[in-house]
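So, here come the structures, one by one.
What follows is a pair of complexes built around subunit A, which joins subunit B in one and subunit C in the other.
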Partner chain A sequence: MKVFKLIFKNALRHKLRTALTIMGIAIAVMAFVLLRTVVTAWYVGVEASAANRLITRQAVSFIFPLPYAYRDQIAKLPGVENITFANWFGGTYIDKNQFFARMAVDPETMFDIYPEFVVDPAELGAFKRERNACIVGSGLAQQYGFKIGDVINLDGDIYPGKWAFVVRGIYKPRDKTTDASQMLFHWQYVDERMRRDDAARAGQVGWYIVRISDPAQSASIAEQIDALFKNSRAETKTETERAFQQGFIAAAGTIIGSMNFMSFVIIGIIMLVVGNTMIMSARERTSEYAVLKTLGFSAFHLVGLIFGESLLLSCLGGGIGLAMSAPFVAGFEAVIPRGWFPVFIIEPITIILAVSSALLVGVLASVFPIQRALRTTIVDGLRHIG
Partner chain B sequence: MKIPLNYIFRNLVTRRLTTGITVLGIALVVFVFSAVLMMAYGVQKTLIATGAEDNVLVARKASNGEISSIVDRETAAVIFTLPHIAKSPEGTAIASGEPVVVINLNKVDGGVSNVTVRGVSTQAFTLRPQVKLKAGRMFNWGSRELVAGAAVERRFTGAKIGDVVKFAGDNWVVVGIVDAGGSGFDSEMWGDSNQLLDAFNRNAYSTLTMKLDRPEAFQDFVAAFNREPRLQQFEPKTERRFFEEQSELMAMFIRILGIFITVIFSAGATIGAMITMYAAVANRTVEVGTLRALGFRRRSVLAAFLTESLLLSLIGGLVGLLFASSLQFVTVSTLNFGSFAELEFSFALSPTIAMSSLLFALLMGLLGGFLPSVRAARLNIVNALRSA
Partner chain C sequence: MDPIIKVQNVSKSYWRDSFEIPVLNNISFDVPEGEFLALMGPSGSGKTTLLNLVAGIDRPDKGVLSVAGTDIAKLNESRLAKWRSTHVGFVFQFYNLMPVLTAYENVELPLLLTSLSKAERRRHVETALTVVGLEDRMRHYPRQLSGGQEQRVAIARAIATDPTLLVADEPTGDLDKRSADEILTLLERLNKEFKKTIVMVTHDPRAAEKAHVVRHLDKGEFSQN
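Then we have the complex of A and B:
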């Protein structure tokens, strides 16, 4: 018990230094949490993906369309429960800085296959009935103040011209990782207009989403789908939703990699700050340690003293840093342009990592001073000045 | 005013470990600070080098990039007859109508990414003289052949001379490698515009690029463009401006994140410097007393400790910058959000980045060292000498 008291007394000896050290650790922990949150925000799509969904897209690239006729052929395969499809609409809302997903979808099947988009049945009915209706995510509705009955005007690029959609429903995300910032409208409405303006581009689908009854069969069903269209003008590539999402992330691998790297540099910096404090404290107390040794305290006690103080500092700093992380991450989210990250939340794993790295720092930072305190003989220690 | 500089240097050497750790801490912060700025600048520099000042690029107004832009042939014909477009000796306009698509290729280090395939017209190489053949031969007009940019050849499998790339229901043979001088075109594959349109069964270009007869004519060109009612949905920009805008999203993302990180980092490092300097003062109370007894004034002591702190941060800054400048030899490749395709670029150091990194380091030293130095200067001689 005496040892604990001594640890506290030691920590409080240089109040300013202790406060600064704790602040330093807290700041570093905040930086760490922020970086990890940015990294995990990329992976939200992967986490949100369902095991029983396959994505079929054009083999050459995601930007090329598939014929609408594929729909029935895929639906007939054994093991396929349901199929829906979507087109990336693109376009511009207000100006080019407003990013959110705008997609033309099949109103009948879309929300069956994506149960995580929760829509009120009455709203869904209204959406299905009206050709130029759209459904927006609750996040998007909140951001732009969309209400049911509002008209959203889009300026088309892939689908040229002016487009107007009436909000008939607002979907809510079922899970934390569900993207609540999409705008969905009738594929048929877009297709009709293409039929009139540019007939060669009518009847095209961006990608198919296939729900299968048994996730264990996903590889073989994917193969069967691709085999159907082998050697056609539009060959397909079918993969699980998870693999599809991972493909997007792999493309941005360099950025994610460097952020990962930086988060470890941060740990290094915390270690330097705490380590330096511990080294300085231990150096100042060299003669005290010698006195303790003379009084008969064992090496075990000395280790406990230094180690305990280091751990105390890093835990306090880590705790304060974690507590301040939430408002800090929220502040970052407010600064970045809207829609870069549809879902931006601190994941539990981030908190676990932050806590364990704070503990690790506490342990490692005490190694040097412990080694020095043990090595110094009593005589040298007593003779030591400042 | 005399400053005991010798004392400062000797002290840094005597307390090596603490000096080293402080310097390392500041070096790490400066390294991250400059690396982030260099990365953002690298993306920008590559894309700025892609566009020429006297080329005009026309895209659809609402489009977010080349692949989502559509310019049909009738519109292209109208645009090509506008005034101020340079003519070749044979009298044809120096202009290129270009379908731009992205295709998936396997990366050498695993994974799949998007590569831009650009169809070009015969004048494209007059338009962009920086694109030169490096190996193999140029594709033949009228056949399904491609040339690959140097970065594509390096980063992707199946983009060497003789390899066959399969898309649009056809086989395309890579017949040559072009070097575009580190610009974004190094990350593209080029083929015959008409062949690509034909293969994709498309009747519209993505964008048009044309050379002006003189660079100053851009305003006149825009004026003529805007007078034409059929062109309301389209927008001309200088090619440089267009590609620079493609870098904005990426550069902004890197910068916002980088600035956030460095602000926190610098707060951490300043605190680190402050701890070190406070400890330095506390440990050396007797020494400060001695200095004062020897006749050094309070302000000399203040200056001495401040110098020590600035020196520490300057060394740290230089070390960090040295590490960061070695990054210039590193080229990285990533998906550019702006163009939705893989782009290779290298970290680029500019004098501004170097200066601001060093200033940043000195600022940390100044902030971290000021309060402790004041404390040292305010010590009372007798009490300081007595404390041990």
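Then we have the complex of A and C:
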């Protein structure tokens, strides 16, 4: 018989209590992983941003457009390698619950500036040639079963009317953090309709994406771009793509911060659950620890027994929780409106945090019972009625 | 021949909150090797405290306490624990077996602290359980045994390491008459056949009759009767 067997037998002494403790830890770990995954999903845009891309938008608000004419002026500035633009289209596909990004873009430059959107050259050629063509992300194509040649019908809201786009390409994400759920089509196609139906809205783009040759010059180039349009009808605000994405998240900063905080509160809850179990167990076994000391077992042995049991419970609970986290997160993703989180994956750092937390809980939850077992003298321990 | 236990001018007090409660007052006595000593006296007379001191699970406030040639009052906690594991076998009133371990595993517990191989441990455990007549109950858990059988397992655990000294605190206090007789016969046999030195605390005059020497304690001192 080995000491590990005694640890295992002690842990299973109160089967219901042990099972409830392990379940408590497992559920807490699942909740922790889910919250961390949601927080991570919010930051995916920031993580995916490139250092050599600047975003120029309307200075007052992102929702106001900029003149198409700014494009050439920005492109002429020293340090600017290339420029493209995009426009939030909105619209409805099937119903309001089918949410994904639909954007009018410049087909000639868009994929040069976003190399992380990987498109087959033949498909890109076909997309460029047809005015009403579109390219969709592989995630979106998989979600709705889109194939090359399919027609996607949208009901316009920002841009009223019925819109039909033919799928001519499917882009694949180069990186894990690349959004593969976008639908991109010709800005010119939308602009022509605006010229015909609402001329005042023609010749406008949502924002510019500027690729620069030296990321170290980003602040200086941003200043130069904004200086170009100072005191104009549409002043600009230029910032790095990362800052631009962070600006989006800042609006939901309090919620994300709360979720972040809650994820660590959960760790505290696990600690209390395991700690409570270990304290109860150690108290019940006060006289048994005294007997072990009488037989010659040292403080080191007692520490091993209590610490081992605490670690066994937290590792079992943590392991089960982690194993169940993947289906749990997938289930959560299935019930939230599609497209809310373009990239919704459990990051390795989340797993590392969950495992570390389970181990930390195992260590900390055993501190008080160990202290108590070591402090109690054999004589007092033998008198104890548990 | 030198006595196996030498107690000289030992005193011991306990503190309960701010009150000092004297338990043993300047006690001196010797126990020769192979003796079966019974300590008797009313509750609170200090007999269990004296037994605990001799067994090395408590420390005297003053005096000299030598057991098997070692001044155990001077050993630190870890050395004292190691000393207990090789020199003392303890039998408790309420058996104090581990409820999650079988009779075999309970007897094996003190042997885990030795350098014996698994096969050697098995031989020791089987011998000890055979001596107490429980070789057919090895796989039984304490809850599956009677009180007398539990105490016999506890005795097997106490003798498994072949200790120098066997101490027993009210070993028959929780047993019916028949089981108590069995335990006393077993202790007597361990003393006679296996030459074990035994110090036993008891309230039971029938138990004391089995001992060679009976000492009475009263208010922390040996009395004459």
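Heads up, the rule we're going with is that the second predicted complex is superposed on the first by the 371 of 386 C-alpha atoms of A that agree within 3 Å, B and C clash if a C-alpha of one lies under 4 Å from a C-alpha of the other, contacts with A are read in each partner's own complex, and residues count from 1 in each chain.
Assume a residue touches a chain if its C-beta (ideal position, glycine included) is under 8 Å from a C-beta of that chain, and two chains touch if they have at least 3 such contacts.
Treat the numbers as computed from the prediction; the structure is a model and nothing was measured.
> Does the superposition put A:Leu313 against subunit B (first), subunit C (second), both, or neither?
neither
> Report the partner of subunit A that touches more of its residues: subunit B or subunit C.
Touched residues of subunit A are more numerous for B.
> Quick check for you: in the superposed arrangement, does A:Ile378 touch first (subunit B), second (subunit C), both or neither?
second
> Quick check on the superposed pair: does A:Ala133 touch subunit B, subunit C, both, or neither? Answer first, second, both or neither.
Neither partner.
> Just checking: does A:Thr294 make contact with subunit B only, subunit C only, both, or neither of them? Give me first, second, both or neither.
In the superposition, A:Thr294 contacts subunit C only.
> Thinking of the overlay built on chain A, is A:Val105 touched by subunit B (first), by subunit C (second), by both, or by neither?
neither
> Kindly classify A:Met23 by the partners it touches after superposition: subunit B alone (first), subunit C alone (second), both, or neither?
Touch partner of A:Met23: subunit B, not subunit C.
> Considering only touches as defined above, state whether A:Asn10 meets subunit B (first), subunit C (second), both or neither.
It touches subunit C, and subunit B stays clear.
> Once the two structures are fitted together, what part of subunit A is touched by subunit B and by subunit C alike?
none
> Can you check the complex and tell me which residues of subunit A touch subunit C?
Residues in contact with subunit C: 1-3, 5-6, 9-10, 12-13, 287-288, 291-299, 377-379, 382.
> Can you list the subunit A residues touching subunit B in their complex?
14, 16-17, 20-21, 23-24, 27-28, 30-31, 34-35, 38, 59-64, 90-92, 96, 155-158, 160, 200, 232-234, 247, 250-255, 258-259, 262, 265-266, 268-270, 272-273, 275-277, 279-280, 283-284, 332, 335-337, 340, 385-386
> In the complex, go through subunit C and note every residue touching subunit A.
On the subunit C side, the touching residues are 52, 55, 57-58, 77-78, 81-86, 90, 92, 96, 98-101, 105, 108-110, 112-113, 157.
> Name, in rising order, each residue of subunit B that touches subunit A in their complex.
Contacts found on subunit B: 17-18, 21-22, 24-25, 28-29, 31-32, 39, 60-64, 67-70, 101-104, 110-114, 166-169, 201-203, 233, 252-254, 256-257, 260-261, 264-265, 267-269, 271-272, 274-276, 278-279, 282-284, 286, 332-335, 340, 342, 388.
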